[in-house]
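The chains carry the letters A, B, C and D, assigned in the order they are written, with residues numbered from 1 in each.
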Amino acid sequence: MSPEVNSNGWEPRIIAFFCNWCTYTAADLAGVSRLRHAPNVRIIRLMCSGRVDPQFVLDAFVQGADGVLIGGCHPGDCHYMEGNYKALRRFRLMRRMLENMGIEPQRFRLEWISASEGERVRTVVNEMVETLRPLGPLALPQQRVRWDEELHEHVTDEKEVKSHAG
Amino acid sequence: MILWPMLGFIRGKPHADPRARMRKLKYEKELDLAFGEHVAAKAYGQKLLSCIQCGTCGSTCPLSDYMDYTPRKIIAMTREGFKEDVLNSLTIWLCASCYACTVQCPRQIHITDVMYTLKREAIAAGVYPRRYPIPVFSRQFFDLVRRQGRNSEGRLLLKFYLKTNPFRLLSQAWLGLRLMWTGRFSLKQDRVHDMQKLKRLLAAAAPSKEVPS
Amino acid sequence: MKRYLLYPGCSLHSTGKAYGESIGAVFSHLGLELSELKDWNCCGATSYASIDEMEAFSLAARNLALAEQQKDGERPDLVAPCNACYLVLTKTQQYMTQYDNVRKTVDRALTEAGLMYRRSVRVRHPLDVLVNDVGLEALQQHVKEPLNGLRVACYYGCQVVRPFGLIDDKFHPTLMDRIVEKLGAEPVDWSLKTFCCGGSLTGTIPDAGLPLNRSILTEAVRRGAGVIVTCCPLCQFNLECLQNKLRARYGLSVEIPVLYFTQLMGLAFGLDDRALGMQRLFVPVPRRWRVLKGGDTVHA
Amino acid sequence: MPDHNGSIRIGFYICHCGHNIAATVDVEAVARYVSGLPNVVVSREYKYMCSDPGQELIAQDIHDLNLNRVVVASCSPLLHETTFRTAVERGGLNPFYFQMVNVRENVSWVHEDRRAATLKAMDLARAAVHRVTFHKALERKFVHIHPDVLVVGGGIAGIHAALTLANSGKKVYLVEREPTIGGHMAQFDKTFPTLDCAACILTPKMSAVKAHPNIKLWTYSEVSSVEGYVGSYTVKVRRKPRYVDEELCVGCLACIDECVYKEPKYADSFNLGLSKRKPVYLPFPQATPKIVVIDPETCIQFKSGKCKQTCVEACDREAIDLKQAETVEEIKVGTIVLATGYKTFNARRTPQYGYGRFPNVFTSLEVERLINASGPTGGHLVTREGREPRTVGIIHCVGSRDRNTNRWCSRTCCMYSLKLAHLLKEHTGAEVYNFYIDIRAAGKTYEEFYDRLLEENVHFIRGRVAEVTDVAAIPEEEGHLIIRAEDTMIGVVRRIPVDMVVLAVGMEPQADAGDVRRLFNISCSTEGFFLERHPKLAPVETFTDGIFIAGACQGPKDIPDSVAQAGAAAAQAQMLIDKGEVELEPNTAFIDEEHCSGCKSCIPLCPFHALSFNEATGKAQLNAALCKGCGTCVAACPSGSIQQNLFEDSMIFGEIDGLMNMVYETGKEVADVA
């Protein structure tokens, strides 16, 4: 994602996985209705929110996303009957896992947005950008470099390692 | 029956052109085109701008017969920037805050809040009708509470009549006496103990210090 | 036993004394503990908000914060019997949640005064407490002298249900009617339950404010009511104390007692007249009610 | 990077869409930027990519530059993906070597800042350029269309759709929930603006439905399940027992005469409770089919089991069968037309108008019945006291244009109010007042009708009514209902005493529209009406192929519009049937058997039972005909051995990587952006 510079020099970067039938269509509707919103989201279209592989989410964070948004049909409305329930199950598990990894739960969001809720797309996107702003960059790629350095320090400083082991 | 305060003839600052209110021609330069959005922002939301002029507010208002403009017209004039006419109008002062219009408005405009906003704008602009009883009453109430933290109904009424029309006090004497006999009237001022802090609280809420949303 | 904090507001200390007294009597008869909020201040009603809204919200919020402080951990129920106080306190709560600028300004003002408001207060109207906490069935059990045959016009005033409609219907509230029914009396069906009484306009612009009261009084009588009950001190004052003036100058042709609903409840519970502030009424309750309270059906 | 990198040749095209995209996105900068990305052979911008020359540009480049991948950045793929795939195919390339970037709906239309929008467009373009390298050639997939059609709802829209299809030789199943077809139109007296009698124009069509050899009419029936996909739906229809044998009953109505109830006792729903009926009844004289119904809720035999059953004796054809039970029919159809209609707004939700409190406040539909010659008063328009009203007020927009109830305009109320005003005046000579916000008379010859009403001296007061009250302010108002409204044209508040109030209630989605929508797997708009595929260009199609919508279930509309839409829906269905087959997205899943560990975790996930376990091989196997391409199994496979065509893991990871700038280093091009 290209660096978007504002006065603070940093803008949240969000990857969104939207299902074809509800949320992607709603995003189209937001477009047709010219509902202006924050330009921080990049949408990836999938057929169903049930297609969101947890690895996609991890990959997005690892590659530098500050937030991941999944959009699916409302419960009971899935075009494929129950894909959104599968998404919900995975989402809950994932969020717990991400939290354990030190990624704030606000960075990962699941929203039910039906095809007619263009307005909701705008609200959710704007909200999420505003939630991420105070959290600051996640910057996992840079973090990995830092972790490597830390690890390196630990390994070279043997005393430190021992005291931790004790 | 004492004729004043019959409506309409006691005005605050007279219009620059006394016939202005009668005129059926308005030049764009006489208007403040930003006024509508300004009031909408102050009165909780842009809904004001979505008014369709259906007149529900005018017909639901129990006091519209005494107003110089119906609430509907006030909204239209606010939206279109007729600032001077709106702030000089009696309508905004006659609103008794019964919220009948607010709950019925098909556009969910907070009409009562709009009226409050316009009252404050009128005071800020110094154009409200000076001796018109309602702003005087509000001011007396405001001052009493600011000083004591509480209102005293007896004192408020006394001051009010002295400020507006002392003669009317005479016509109220009997009512006052009956209230006293039944123990429902007292000139004793009730007050808050911790006035120091209350004053600090009010100072912090002053308009100049309002936190923008 | 449930404990409540009372927010009396300015009226219950003067024109609305009987309201405060009758609430006290009824609440204690029902075994509800009611203590006055210490060092309360003006709610910041209509007139104040006309001059400065944020100050008005802050005034209201101070009371809420005090309620929290005085309840110390327990979730306070703050009973505001005056419709205007009830509305202003409720509106402050609502706007503080809904609008950022209100919340921020008010929170800062409270901090300046060494207070903090954690949003835990429930603002209650006595109608709400009596119907929803005590319950109609329980109320009925306390009725010693049922008001059989008495036709009652319940007048709610505007601000108890509007604009939020939290405890009853915004157009046709029934809380008071349901209580009146349990007292053995008969509520009349009429259309002016929430019609505006003019508020302070009766004093400031009598030509605008007083006719509203004439309409309410006339319609109540036309509907066959022998008494009007109300739940707001300003409504009670306007409807009762100005009847003479209405007759003299605004063509009112009827006379009807106007009671607080808590006074009517007290009568049915067999409580002492003085405890209910009955002596403070301008239009006294007709003597024949005494017969009626005995159980005979005499139309008032 | 994929090892076949060397052979990838990408063509990138960004569309101006006139000013739609170019005004917000610097398309030249994007084209310039993409031209610098690896594998991109050509990068162009063009005014209208979807135009013939635009498409030709792609085909020509494929040919001239030997492209093997194409990316187009323009509008939403939901709009033009097929267009560009076809263009790619015309150029001699497999159509699935194509990826589309949405820079209009997702970018230019929702952002204002040109720089931010351009950067976002670059990101999305880069992601697509990276994704498309992983694309594979796929075969186009077709399915056969079953020629039979199901029409749900027997109002005027359903009737018209069914007749149109049947007349073109298609077999139609028409399912109606009520005991008769006809819908709301059968309840109307006259129709605007021509004032022709509703029954006169409707009943011939109802009879035609009944008599048509190609229509199977099932009334008192509801669809209970729908399975399958375009071309091949299996539908179950629940047929409620009417306790009368449809084959035997001839509609002589002897049973009604002989019912143990000598007088009608129960509210007649066709007349909205304004009259009474017996437990055995015919909804109205022209009901189609003309077969009686027995209502088990009110029939003594069903309530107590102790009835003399005089109705059974009365029927010489022995058609009455009190033991009849519900049956379920299963049918196969290729296409479905939904015409399930609307319901009127419940006037009790606007208590300020006193409906239910004041007896002389009526809804417009009630007045239709009161004016109708076969209605409860035989066409005599009278108040509840039985007097002809001398003044009538019609309140428009009840439950319409109101954020407290329904925000939308119901589109029909202005016109039917004018019609009722005319009829009321004609029948009773009453003074009629219309209270309106705006008169919307936009149909053909509607404005002329409004003119006519004005000249008939009907009162038009522009002001929404605040309340209807019985509180008289002056003696002259005593005994009347008083309508209080601001006459906004004159600028005064008026109090108008009337004898009768008519509430022009708006149109709402059916109470069970949500259930029906789920049943047929289509979408609803926020208000609850069925959602069309495109508001302008696909007004009768839904997001589910093969399911079409007609009439007021899609949104408030009058009879002419409902009929027009029903015709359109029928034509759409017919088009599919005549074509005989339809192309499906080839986005089904497939299994890499070599890597499948046989863990079976995918099998219970598939809601369409497309996955099973092959005991012989110890691997999962997939029935592609059943797979609908959601990809849920793909996301769950722990070994990554299920993949989804067009949405393979590599493609999605490619898109993510492309978006997050980890693959290609962007350089100065980005800095060039304005």
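We take it that a contact is a pair of C-beta atoms (placed from the backbone, for glycine too) under 8 Å apart; a residue touches a chain by one contact, two chains touch by 3 or more.
Fair warning: this is a prediction, and the values are worked out from it, not measured in the lab.
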Selected pair, greater C-beta contact count between B-D and B-C:
B-C
The distance between the C-alpha centres of chain A and chain B, rounded to whole Å, is 50
For chain B paired with chain C, centre-to-centre distance based on mean C-alpha positions, whole Å:
24
Compute the distance, rounded to whole Å, between the mean C-alpha positions of chain C and chain D.
50
Which positions in chain B are in touch with at least two other chains?
100, 103
Going by residue number, chain A touches two or more other chains at none
Can you pull out the residues of chain D that are in contact with at least two other chains?
352
State which pairs of chains touch, listing all of them.
A-D, B-C, B-D, C-D
Residue numbers on chain D that touch chain C, as the complex places them
351-352, 357, 469-471, 473
Flag every residue of chain A that touches chain D in the complex, lowest number first.
1-4, 13, 15, 20-22, 24-25, 27-28, 30-32, 34-37, 39, 42-48, 50-56, 59-60, 63-65, 76-77, 79-83, 86, 90, 114-117, 122, 141
Residues on chain B engaged by chain C in the complex (per definition of touch)
1, 5-7, 44, 62-63, 66, 94, 96-100, 102-103, 110, 112, 116-117, 119-120, 123, 133-139, 141-142, 145, 149-154, 157, 160, 174-175, 178-179, 182-186, 190, 192-194, 197-198, 200-207, 209-213
In their shared complex, at which residues does chain C touch chain D?
169, 171-172, 189-192, 215, 219
Where on chain D does chain A make contact in their complex?
76-78, 102, 104-107, 109-113, 116-117, 119-120, 122-124, 127, 517-518, 521, 523-526, 531, 535, 543-544, 587, 605, 607-608, 628-632, 634-636, 644, 647, 649, 652-653, 655-657, 659-662, 666, 670
